[in-house]
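For reference, chains read A, B, C and D in written order, and residue numbers begin at 1 within each chain.
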Amino acid sequence: MADAGGCREVAVLARGGMGPEGERHGLVRLAVENPGWDTAVAGQFAMLRPVCFGQELTWARPLSLFGVTPERLEFFIQVAGRGTRRLAAMNPGDRLVLWGPLGRGFAVEPDTPTLLLAGGVGLAPFAPYIAAHPRPDNLRLVFGHRPPLAAYPFAEMAATIQAESFHEEKPGDLDRFTALLRERIAGYRDGLVLACGPRPFLSAVADMGRAAGARVQVSLENRMACGVGACLGCVEKDASGELVQTCVRGPVFWAKDLEAFSGHHGTPGKNGGCACGN
Amino acid sequence: MRELGVDLAGLALKNPVITASGTFGYGLEFSRYGDLKTLGGICVKGLSLAPRQGNPMPRVAETPCGMLNAIGLQNCGVETFVRDKLPFLPWRDTAVIANLYACEAEEFAELAGVLAAEEGVAALEVNISCPNVKAGGILFGQDPAMAARVTEAVKKRAGVKPVMVKLSPNVTDIAAVARAVEAAGADILSLVNTLSGMSVDVFSRRPRLANVIGGLSGPAIKPVALRCVWQVCRAVGIPVIGMGGISSAEDALEFILVGAHAVQVGTANFLRPDFAFRLVEELPPLLERLRVSSWEEFRGTLKVE
Amino acid sequence: MRELGVDLAGLALKNPVITASGTFGYGLEFSRYGDLKTLGGICVKGLSLAPRQGNPMPRVAETPCGMLNAIGLQNCGVETFVRDKLPFLPWRDTAVIANLYACEAEEFAELAGVLAAEEGVAALEVNISCPNVKAGGILFGQDPAMAARVTEAVKKRAGVKPVMVKLSPNVTDIAAVARAVEAAGADILSLVNTLSGMSVDVFSRRPRLANVIGGLSGPAIKPVALRCVWQVCRAVGIPVIGMGGISSAEDALEFILVGAHAVQVGTANFLRPDFAFRLVEELPPLLERLRVSSWEEFRGTLKVE
Amino acid sequence: MADAGGCREVAVLARGGMGPEGERHGLVRLAVENPGWDTAVAGQFAMLRPVCFGQELTWARPLSLFGVTPERLEFFIQVAGRGTRRLAAMNPGDRLVLWGPLGRGFAVEPDTPTLLLAGGVGLAPFAPYIAAHPRPDNLRLVFGHRPPLAAYPFAEMAATIQAESFHEEKPGDLDRFTALLRERIAGYRDGLVLACGPRPFLSAVADMGRAAGARVQVSLENRMACGVGACLGCVEKDASGELVQTCVRGPVFWAKDLEAFSGHHGTPGKNGGCACGN
């Protein structure tokens, strides 16, 4: 177990577009050797650093666990910049350094009606969430996306739980998507709402959840250098004004525990920064 | 080479590999990735008297072969460190070095006083790359006289703990600062701290760090760091700990070749969290290949005409 | 954006892309790879009064995302340049900027005198990153007073040619040097020159440069360069030319975003010899994407709180 | 023609070990698209910069032309460090930036008996030299090598001209090789001796050639950043004490024109360096 949780160099086993349309939209599924992880929880993530980063790209990139079998770990990658471009271009046999599973995953409450809200690649952690949930009948998924639906693993996921998707194509669609979200969330008073996607999406969900009396968890994608709590680059202000590391105390947080998502204005931080650059 | 240990003015290390301040948390974050007891030393994140929040986000940015940070010295405060972190570190095996951060000489001295009493602390590293509030914000480390004053103040309160002063590379003449600090009683010098740098995004027209300016580290700065260490080793008689961009065993030996007694590894801990542990393992075979049988025989032997 | 041209205190450029001194030879070396007339400007290799041989070999070394050089200002001498090179450069279309190298203020002035008479020379760039022989070898650019003295001396003999002073980043306070040079009459500032650095080989135990120390350039230094340019732009009123690690159109715009009027590209000319020509072509579409319709609307508009 | 001589991005067409044993010894043959070169001379070279260097490796790498057809340029690469390792690992379709043909090649004097002396990968320029020579019967090759002969294209070359090889395996072999070289060179009074290989090898050849009254050309492998005469990083002192760029005035020089190979001690250079690092 200590070993399983360490840092290992592994090989890529397979790469492919996500769905028939994925590759064209920079949405790629990557399978790598499982170095012995068995206890991962949906919402946890790994740091991946392809050997081809050399010294040029300093940091590993954080990716949510998308699938775990005894033989392989799967990731769902959206090309967003230099690092994900290289990750998404890896071929079977190429090697990468990997550590995890990291952070805290989503709450699982088998008997609570649970609403899963995903924006774009934020869909990733919900695949293993659904797979591991003992009562899929208690789950419902709403998925917003811009590239075509066929570029996402939506169909597989919709096969086991109640699910609907919303295609954002033109300006104005966002408002209609928000209205849809509000309507769905309204039905989850005392229920669980789990959200993963871009920050503005998470903010909106947290606000609506609060209004509806739902308990909300959000998964943050703060910039990360180390993934292990050491660099203090990924911090988020909690409800008490303390800066906590997203990589170890998150990436999944209860919305009410974070200043930015709790609806309260925080107190200005005590003892601010230093201009020295450390 | 049998004996990897080094002794620096009373600071004994089982090997010359120390993790650099701010890149290895309080050490415990890495126990999942290796045996902390195998490291030569651990410099913990800069400690201040009171807990600190640091700068607003974003406060890290990736750059070509390096990174910028403007964490702003977020830390739990010296008391919490002593109470909640230090006891869990393997300080009998691995030197735990406290990195001190303050805005005034008196604060530095007070910090030294607190830590001097702690058996688990092997040495004090004084971070003089930070602004002197009383002197209008100029960095302590950018003025030889101010750097000397801080050194003296810390030295007075440090008891038997070796005092290590950590130099900034952002100066016209680093050897002058080194000599001033040596004359003021420093036992050891460590260098370099980060280079002052900046990164911006032309699309948003914003700086990539909320603080605008941050500290550059990683392989990109290695040539500058190596030059600084070489210049300082020729300028002073006390032991020097070199750092800046080390990301392989060869890199580590480069710093020793130009005169350092030990090295610190910083940003490389982010390349992979077991980096420092692996580095310790990679040194003996490399020394073997180089036919080096003792540090004395290698240290500072750069051939210059 | 229709109008790429910029005017810097009398130095008119058809676009803000200038090739940096020492990385583009005397310009003619690159005519096989593009049309020199499309460039905003060409800074030629540092010129001295007499021809110079430079340092012993090896004098370049590759480093992570960068390189070191210690060429030692090998050049054909100002006379040969004026006679054999300048006439073949398209100086009516593209600003030819002479980079001046000397060891004493009087030599700088004499060089300026020779070049002031040349119609084909659009401006003089004074390289103050070199040691002042009379002052015991400290760099002109590391002391505001010395930098000012050289500026004055050159300015007196430069006639109508705009005088551009090229600053060294190897100083504690680059804004102080910039202000001193501005006060002494400089028309334009260019920065940064190379960072002082070093590289060694643990196998041979030798420095990778015969000169031991050399100048670091390339993407590795971009964060430091950008910080220097930003600081200087806030400190002076005269136009600034930014450089250091530029290797894409985006990089070039970053320097303009923090306040520069134009940029120089150096090491990137070694990535591919048509780099500068391509950069000129890549600017308009990028400006389009950014919806920038004039330089005034973009320059120095970094949003800082 | 101006176009042909420019800088172009091209694709790798093929890669393979050199001979049956090449790959194992880091000796690789790389074929890339010919962007239109038709006038290359043996001994000229190209600068190659694979796109995968990213920003980490700053310089392109100089490689001798090993073969030129209207469709392809061929290179013969020995893995020596970071850059050649990446070059030698390129796959068909991978892209690189390339400029050339650069520098000056070997003298061709059809009617002069000409001795070709190659050390290791220094064999590369002699393949096109032999192929283009109008009187192969006037050519003779002596080739010294450490990896097995089957890792070199020796057999193909020996098929058309008189050729012998010498395998350096143990200490002491070097002396025997030197003796062989001296013996062969002795037969070339007023003839042409062309050498390519490590610098100590070139020095020895130049000395022996001078002693024998032969005219000698050497091909230098000085470190190069630009390849076009601009950086002044590759200079070599000529017989008059002037520092000249190997990339444009060489890489092939008459030994008598270079201080280090002419047997004369040069005058110390006038106006030495500057400590500023430019």
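Keep this in mind: contacts are C-beta pairs under 8 Å (C-beta built on N, C-alpha and C of every residue); 3 or more make two chains touch, one makes a residue touch a chain.
If you want to know which protein each chain is, UniProt gives these names: A, D = Dihydroorotate dehydrogenase electron transfer subunit; B, C = Dihydroorotate dehydrogenase.
These numbers were taken from a predicted model, which means no experiment stands behind them.
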item	value
Neighbouring chains common to chain C (Dihydroorotate dehydrogenase) and chain D, by label	A, B
Which of A-B and B-D has more C-beta contact pairs	A-B
For chain B (Dihydroorotate dehydrogenase) paired with chain D, centre-to-centre distance based on mean C-alpha positions, whole Å	46
Chain centre separation (chain A, chain D; CA means) in Å	54
Euclidean distance of C-alpha centroids - chain B (Dihydroorotate dehydrogenase) vs chain C (Dihydroorotate dehydrogenase), Å	34
Distance from chain B (Dihydroorotate dehydrogenase) to chain A - Cα centre to Cα centre, in angstrom	35
Of all residues in chain B (Dihydroorotate dehydrogenase), the ones touching two or more other chains	63-66, 68, 196-197, 213, 219
Junction residues of chain A, two or more chains touched	55-56
Touch-based graph of the chains, sorted into line, ring, star, complete or other	complete
For the chain A and chain D complex, residues of the former touching the latter	52, 54-56
Chain A partner contacts - residues on chain C (Dihydroorotate dehydrogenase) that touch it in the complex	64-65
For the chain B (Dihydroorotate dehydrogenase) and chain A complex, residues of the former touching the latter	21-25, 29-30, 32-33, 45-46, 48, 50-74, 101, 103, 127, 129-131, 137, 139, 193-194, 196-197, 211, 213-215, 218-219, 247, 267, 269-274
Complex contacts: residues of chain C (Dihydroorotate dehydrogenase) adjacent to chain B (Dihydroorotate dehydrogenase)	63-66, 68, 142, 170-173, 195-200, 202-207, 210, 212-213, 216, 219-224, 226-227, 230, 245, 250, 253-254, 257-258, 290, 301-305
Chain A to chain B (Dihydroorotate dehydrogenase) touching residues, read off their complex	2, 5-7, 49, 55-60, 97, 99, 222-223, 225-236, 241-243, 248, 269-278
